[in-house]
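Report on the structure given below.
So that you can tell them apart, the chains are marked A, B, C, D and E in the order they are listed, and the count of residues begins at 1 in each.
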Amino acid sequence: MLSGGHLLSVLIFFPAVGAVALMMLRGDDHKFIRSIAMLVSVAEFIFSLLLLRGVPIGAAGYQLEEFAQWIPVPPIHYHLGVDGISMFLVLLTTFLTPISVLASWNSIQHRVKEFFVMLLMLEVGVVGVFLSLDMFLFFLFWELMLIPMALLIGIWGHERRVYAAVKFVLYTMAGSILMLVGIIWLYNATGTFDLPTIQQILANSQIILEPRTEMLLFLAFFVAFAIKVPLFPLHTWLPDAHVEAPTAGSVMLAGVLLKLGTYGMMRFCLPLFPEATHRAARWVAVLAIIGIIYGALVSLAQPNLKKLVAYSSVSHLGFVVLGIFAFHNISMQGAVYQMLAHGISTGALFLLVGMLYDRRHTFEISEFGGLSTPMPKLAAFFLFVALSSLGLPMLNGFVGEFLILLGTYQRHWGWSAWAALGVILSACYLLWSYQRVFFGEITVENNKTLPDASVREKWILATMAVVTLWMGIGSPFITRRTASATQTVMDQVEPQRAYEAAAPASTKPQAKIVSASAKPQEMNVSISVKTQAQSPSSTATAAISAERFGIR
Amino acid sequence: MTTPLIVFFALAALAVIGAVSLILQKHPIHSALSLIVVMVALAGLYLLMGAEFVAAVQIIVYGGAIMVLFVFVIMLLNAGVEEHTSLSKLAGPPGLLLVAALAGFVAATIARSGASVQTTAQTGALSSTKGISEMVFKDFVYPFELTSFLILVAILGAVVLAQREKS
Amino acid sequence: MVPTNYYVILSAILFGLGVFAFIFKRNVITIFMSIELMLNAVNLAFVAFSQALGKLDGQVFVLFVIVVAAAEAAVGLGIIILIARNRQTLNVERVDLLKL
Amino acid sequence: MFPQAIDLQRVLPELIWCGFGVLVMLLQPFVRSRQFFTFVALLGSLAGTVAAFTSFVHGGPGFFGLVQSDAFSFFFRLLVGTVSFLVVLAAGPYLDREKLPIAEFYALLFFATAGMGVLASAQELLTGFIGLEMSSISSYVLAGYRRDSLKSSESAMKYFLLGSFATAFFLYGIALVYGATGTTLLGKMAEANVATTGTLLKLGLAMILIGLGFKVAAAPFQVWTPDVYEGAPTPVTALLSAGPKAAAFALLLRIFATVPAATQYWFWAFWLLAALTMFAGNLGALVQTNIKRLLAYSSIAHAGYILVAFAAVTSMAQGGSAEAAPAYAAVLFYLLSYALVKLGAFTIVSQLGGFGEKNLSLDDYAGLSQRQPFVAAMLSIYLLSLLGLPVTAGFFGKFYIFKAAVNSHLISLAVLMAINSVIGAYYYLRVIVVMYMREPSAEAAAAGPVAFPLAVNAVLLVTFVGTILFGVYPNPVINFILRPDLLGH
Amino acid sequence: MPEQPILHSLWIVPLLPLLGSAVNGLFGAKWPNKYVTATAITSTGLSFLFALEAVREFFGSGQALFRKEFFTWIAAGNFRAGFDLQMDQLTVVMVLVVTGVGWLIHIYATGYMAHEGGYYRFFSYLNLFMFFMLILVLAANYVLLFVGWEGVGLSSYLLIGFWFLKKSASDAGKKAFIVNRIGDFGFMLGMFLLFRAFGTLDFQTLFTKVGAWQPDAMGRFGTLTIACLLLFMGATGKSAQLPLYVWLPDAMEGPTPVSALIHAATMVTAGVYVVARSHILFTYSPTAMLVVAIVGCTTAFFAATIGLVQTDIKKVLAYSTVSQLGYMFLACGVGAFTAGIFHLMTHAFFKALLFLAAGSVIHAMGGEQEMPKMGGLGKKIRWTSYTMLIATLAIAGIPPFAGFFSKDAILFASFQSETGGRILHGFGLLTALLTAFYMFRLIFLTFSGKPRFDEKKVHVHESPWSMLGPLVVLAILSVIGGWFALPTFFQGPDYFANFLAPVFGGAHEAAQAATEAATHQLELLLAGVAFGTALIGIAIAYWVYLRNPRKPDDLARSMKPAYTLLLNKYYVDELYAAAVVRPLLWLSTNVFWKAADVAGIDGTVNGIAHGAAAIGDGVRHSQSGNTRSYAVWVVAGAIVVLAVIFFWPGATKTIWGLVR
């Protein structure tokens, strides 16, 4: 029943092997340790490229599955699999890890060995999360990645690192433990931890969760993910964690860990609890929009460059969540794309901020100013990345945002309109901070003699820039591969258009729009037809949800 | 009011008085003596219930050995009148309240559940020491043997704790 | 004939008094005595029940309890001596090095 | 001829342990070599543990049903046997360092172990009581083993006074139950007619619960735990936190596994005790600065988690013991993982404590990861296991308990437990933070690393391997404790 | 090899400047200026030539619309945005203007920027702008157009802030980008709405689909109206119309060639282009049309008034640009897209010329931009002054200069339009008057009269030929640029209109019909009126600034409030700052960040933590260390257990058992 060797296992455990190897090494030969770490992470990246071949375009369902009995009672399996979405997230991870290794080449000077061990262990955890199809396994990796991250922040971080690290762990645990309860509850309902099986069972309505239970389960999962994302009211761990973390930590945190939340929503919340998701959608969307605008405004106010970037990710991830909960396959695609794009551009931003820190040992914007005179190259890269992050067309940020807003607009023009404000604001805070950091006369004396980007840094930034540009122009390469996966999610969450009934009362002009145009209805029809075709089982659920919405 | 009842009440009163005086006495010795009084009273009650052997053991082991041990220790440490500190806030009125509640509750519950235990007792044949010995050495031989080890532990413990340090 | 209940209630009272004594005496030795008092109450209950049930095992239990009491006494007094030696006091309230 | 060989065989471990206890006592005047005694002690505890197998193979009731040698008792005998074995290993160096007599220690340890064994196998209340007393009295003495240390003696006194106080309750409970049912055999009690003797039985069971609740340090009976754990010699603390607690839980479990009345009456009590205990333990630990005390509080908290599983058992056992099997499994597995971890942690603490157990405050652990990376890593692993993070036994332990709780629809309790594990995370992390994220104090750095003798390392190795192994592959244990004839019927 | 090689690889036209930009950006830093110059000039020049060739081939092919999809750029669900380029008559005009004028300005800049630092940077940016602008005009769908749209915004940001050491410069750049973003916000929503309604954003398919709809009635806000208005919002941002015009005057912080290229000739006309491009949508929504017309008209007048009193030579030109753009929108608004584009083209010529000439003046004055400090330059820098005079005549609408024809076409069309035509026309005329006035004010202040500067300090000198050459070329264009429409005055055809007919088909027909309807006399009359007003304006300027130079100050004094109001540009910037910028900052800092985030949410979280710690301390203090207290605890526990076992719900029976 299973195809394609053990590539996924290799991907998960190869870094672990590397970490163990590192542990064996003597602690004092930093250069050697670094190069080994680099070697391992690059090799990992190359392995992960094999995924591209392993996941054929347009193939629905999970590829390269691995399935093995692990624990008899309760039946827990070692079940791995990859689809379009997770594949690219894995690629993102494996791409950012060597970058972070390179980024911490000189900035990490004490306890080097431990540092890289932690970095690799983090990679293990993250990749594991993306690849595991057994809920228990998923949770295991989910928790596993916590400690390396916490240590990365707590040991190699800045002044208030301990506070930040502990805060990070506690926040995440608070969510994840509840998720554990949810997982077990779901197990009691379905008698298995195997994600695809559970999806089958729920989709075929062999088991029908009554609305209240479903909502509670949904929340159990959602809160955990929302904390990771982080969604608006649950985001306060993020600024601290980011500001205190070392550059590599921030890169991994912003680049990958935040995506775990949105990934989880796509993978669990939507497919497993469609009705609950629908009922929650409008509130989630509101939170997401608040997050977008609020995050942007707060970063507008930040005197601390790194905090600014941190808050900006609150804003950007808000887009992703919105895209997911708009239930439109375009916005869903956009969400996936935005995850990747944000991973790259915000990662790059943190790298640059880190480089500035290496030179001046401060994040205070007021400490900088006029930096493009001493370091034009760095300034150029920074501008480039900032532009990609504020969604300039032909750079990666645009595609995701555009698709999200476009898709969302098709369902809820209001949401989209509000969210689009974030596009303006992102320009405001990024350009303003850029001006304060790089433009004008040099105000602080010891900024005059700062060295421009070193060769190593240039390489890092160049790679990032190339990827940014490529993602901005060649997006179909990715979207073609994620299409079927997102479509599957759509079908699972949206067996029929019951949502129209539950949609928020549309304001006047929208009513007009709908009336004026015959098109959207046609689209809906086509989609729902496709649904019928793809998952015959869905009709049953459709009926159920229909009468459930009738009840509501 | 039958004779046994009178005897019972007398002994019960004695026991309770003894217990109360154990509490009221300031000097440990006096407390010890009042405890002995309680034990003797209880021995009497055992007799009343026709459990001679237990009564005898009660007098010999308890009243004899154990209490002597107590008195001996008191003498050894020549403990004086106990100083009446009350550093514990809890062990003041609240403690009193709680204890009263507990004792009252237990007693009341038992009193209520009186019906459950049948009140008629077959004296005589039952109270044969032989029977007891049979039980001890047959049915309950395992715990009995264990108690021997328990005594060992006690001895060992006493030695370990009380022996004077060489160093 | 005396109802078993009377005995049991008496035992309950004695037990209560024992608890009371445990809490309200300060002298370690006396406190220990109150434990003995409680054990006696238990014994009374055992005997009463055994007599009521017409079974002997209750009385056997009493023997065990007495043995245990003896053992405890030995160890307990040992500990008390230790305390007295280390602290020059028999007042439990003065023995509160370990707290919070 | 009575008792038959089979009876003896079914209590063989206890006999061996007691025998070795006597042996050690007898040899004490003649042999000076401390290593010798350590060797004998190891041999003894090992022998007893091995004997557990034989008595399991020839399982069944013994001594007219006073004892029951079944998978359950086997599991606990194995557990306490291993615990005592490890404690012997850990205590050897400790006793040498503190210049304490060694033979008596081992003898007492043996008797304590035997007592626990009895508890694990007792099928009759009074036998259980005797076992309890054996373990308790020996542990009173062990707690005060550092005679001239004020703390040690004080902890002995408190433990003794309060312990025997609770024992009296337990005993009174037995008496009442006996009065209500006319028997102390758990098996027979099952037949007793609850309807007629309801109140009395209920009172008796309540008293028993109080007595045992004290032994397992369930709030609000937990008050003694921190003081005793802190005062007692650290290896003894390890023993206390691992052994007697497990044994007491064993008796508790057996009682209401076999006595329907208990199952019926105890549920809400367990619910409440669980909640109280979790919070008391975790909140108390939040503010501790003495590592021993911190671990003591944490062990209270873990008792709370286990009680959650008990509540689950009770609410499930309504539907027959088969239903409750997973919950039993949860309790057993948790006790196992917990015992391993606590042993390891306390061993490290005792070793780092230094002569007279001076270095027990968190500050003494500052920057441990740099002075002694491996020790720090070990300790972190144990703490993470207590915290319940993956690839440690603690994770599965917690997972099974959650599962049990959710299975029996105790969602509220599960959520409380979740909250508590987050609180717990805080102070466990605090220790890790201190070890990894703070620089060592000057004198600590000057003092250099503390030597870890072979024996101690052995303990660490065993506990570590156990923790990780059961954290990755708990199957053997789970399969074993999920067997239908766990309680021998 | 297809028969139209260049047309079929149209991408080369935009790509060349991009290459130039990339090359200069990456390697220019180390190169001497002449290499940089070479790259820049050749890349843009070649692209101009290729554009010409492409146009030739396009006409050769004789098809109405050439369209080619090169690669898919974004694809998701049923949405596709491709890198698709198209060419039709409208495109032809734009492409030629952009590349042609752009090229000239490049040449000019080589002289103007010769002594500036960051020479390579400048040309890299300038080429980048060319790239994006060409994308904008060649794009075959809204999304790709949006790429150019945002791209030109970016390059204008870069170029305005070219002298980033000056805070004012970088501020202006930031302002330009952000204000444009506000417009883009609307533009994006417009796209979304169009996609929602039509399921595509390709011009071709979309416009054909629109055909199937019936137009929104006047005053009805249907899909098309809203879509048009949203698109127009984008246009206002990009083309500096009310209320989003504020960035353009500040944009004069940039080097003058930039002002000429971006903020006069090309980028700012993008808005007009978009409206013209989507004219089908607009014609389907009279409401939107009216809005466009009104906004355009108002802006034209409004900006002109401000232009009256500005003293900075470039500021004057800036406001005149805003005003002229207003004309173009007015034209579109009244359905005369042809006229709009016509004016766009002529304006590109003369406004570029004006800026370049102004640049040359500034160059001559050694960086001085304040007109009060100039005067009497006419004799010293003849070429500059004459070319500038031509441009001024053109903008003032003096026949036969280019501006006259285009402006006249607009005024005529507005007069014709049935919705409020008279009013629009009236304002148009008034604006024409003002334009003529302030432009000649500029001329007089700058070139005639006595020098008002220290001749010893400032050595006025004519600019090099690299700068004058473009001036001359543009001057010629500004003269002849409007002659396409010359025949109309002799009942001849309007060549320009006919040329654009394939694009503006419907709209053009309407215009034609109007023309037929209107008597030829009327047209001549209106032309005459326009000419007259222009002359009046010039006359006033002459009278005020040459005859009696005291006059301006007297006027200023006599109507102080109005004067100050105009001088401070109606305080619009201050208004925005007070109403939007500062409140927003204050809100984000004090409310969202400090209050909500730090104090509110984080405070709550930490509060919980502290609460837990406090309780923990309580628990700790229950450990009094006193055995007696412990005993009490045990007793309390006993009572709890008993209570629970006996009195918990479910065990109530026993309570009654007790009390009974």
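As a convention for this text, a residue touches a chain if its C-beta (ideal position, glycine included) is under 8 Å from a C-beta of that chain, and two chains touch if they have at least 3 such contacts.
Because the structure is a prediction, the values reported are computed rather than measured.
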| remark: A correct list of chains touching both subunit A and subunit D reads E
| message | Centre to centre, using CA atoms, which chain is the farthest one from subunit D? | response | E
| So which chain ends up closest to the centre of the protein, judged by Cα positions averaged per chain? | A
| Which chain pair shares more contacting C-beta pairs: C-D, or B-E? | C-D
| said: Measuring between Cα centroids, which chain is at the maximum distance from subunit B? | reply: E
| note | Distance between the CA centroids of subunit A and subunit C (whole Å) is 66
| In angstrom, rounded to a whole number, how far apart do the mean CA points of subunit D and subunit E lie? | 78
| remark: Chain centres from averaged Cα atoms put subunit C and subunit E apart, in whole Å, by 96
| said: From the mean C-alpha coordinate of subunit B to that of subunit C, what's the distance rounded to whole Å? | reply: 6
| Could you say which residues in subunit D touch two or more other chains, in rising order? | 126, 130, 133, 137, 140-141, 144, 147-148, 156-158, 161, 165, 176, 179, 198-199, 203, 226-227, 426
| Do you know which subunit C residues sit against two or more other chains? | 8, 15, 18-19, 22-24, 26, 31-32, 48-50, 52-53, 57, 64, 68, 71-72, 75, 78-80, 82, 92-93, 95-99
| task | Mind listing each pair of touching chains for me? | result | A-D, A-E, B-C, B-D, B-E, C-D, C-E, D-E
| message | Help me check something: in the complex, which residues belonging to subunit C touch subunit E? | response | 19, 22-24, 26, 31, 92-93, 95-100
| field | Touch list for subunit E against partner subunit C, complex | value | 620-621, 623-628, 631-632, 635
| How about subunit D: which of its residues touch subunit A in the complex? | 326, 329, 370, 384, 389-391, 395, 399, 402-403, 406-407, 411, 414-415, 418, 421-422, 425-426, 429-430, 433, 436-438, 474-475, 478-479, 482
| Where on subunit E is subunit B touching in the complex? | 624, 626, 628-629, 631-633, 635-636, 638-639, 642, 646, 657-658
| task | Flag every residue of subunit D that touches subunit E in the complex, lowest number first. | result | 157-158, 161-162, 165-166, 169, 198-199, 202-203, 205-207, 209-210, 213-214, 219-221, 223-224, 226-227, 265-266, 268-269, 272-273, 280, 282-288, 423, 426
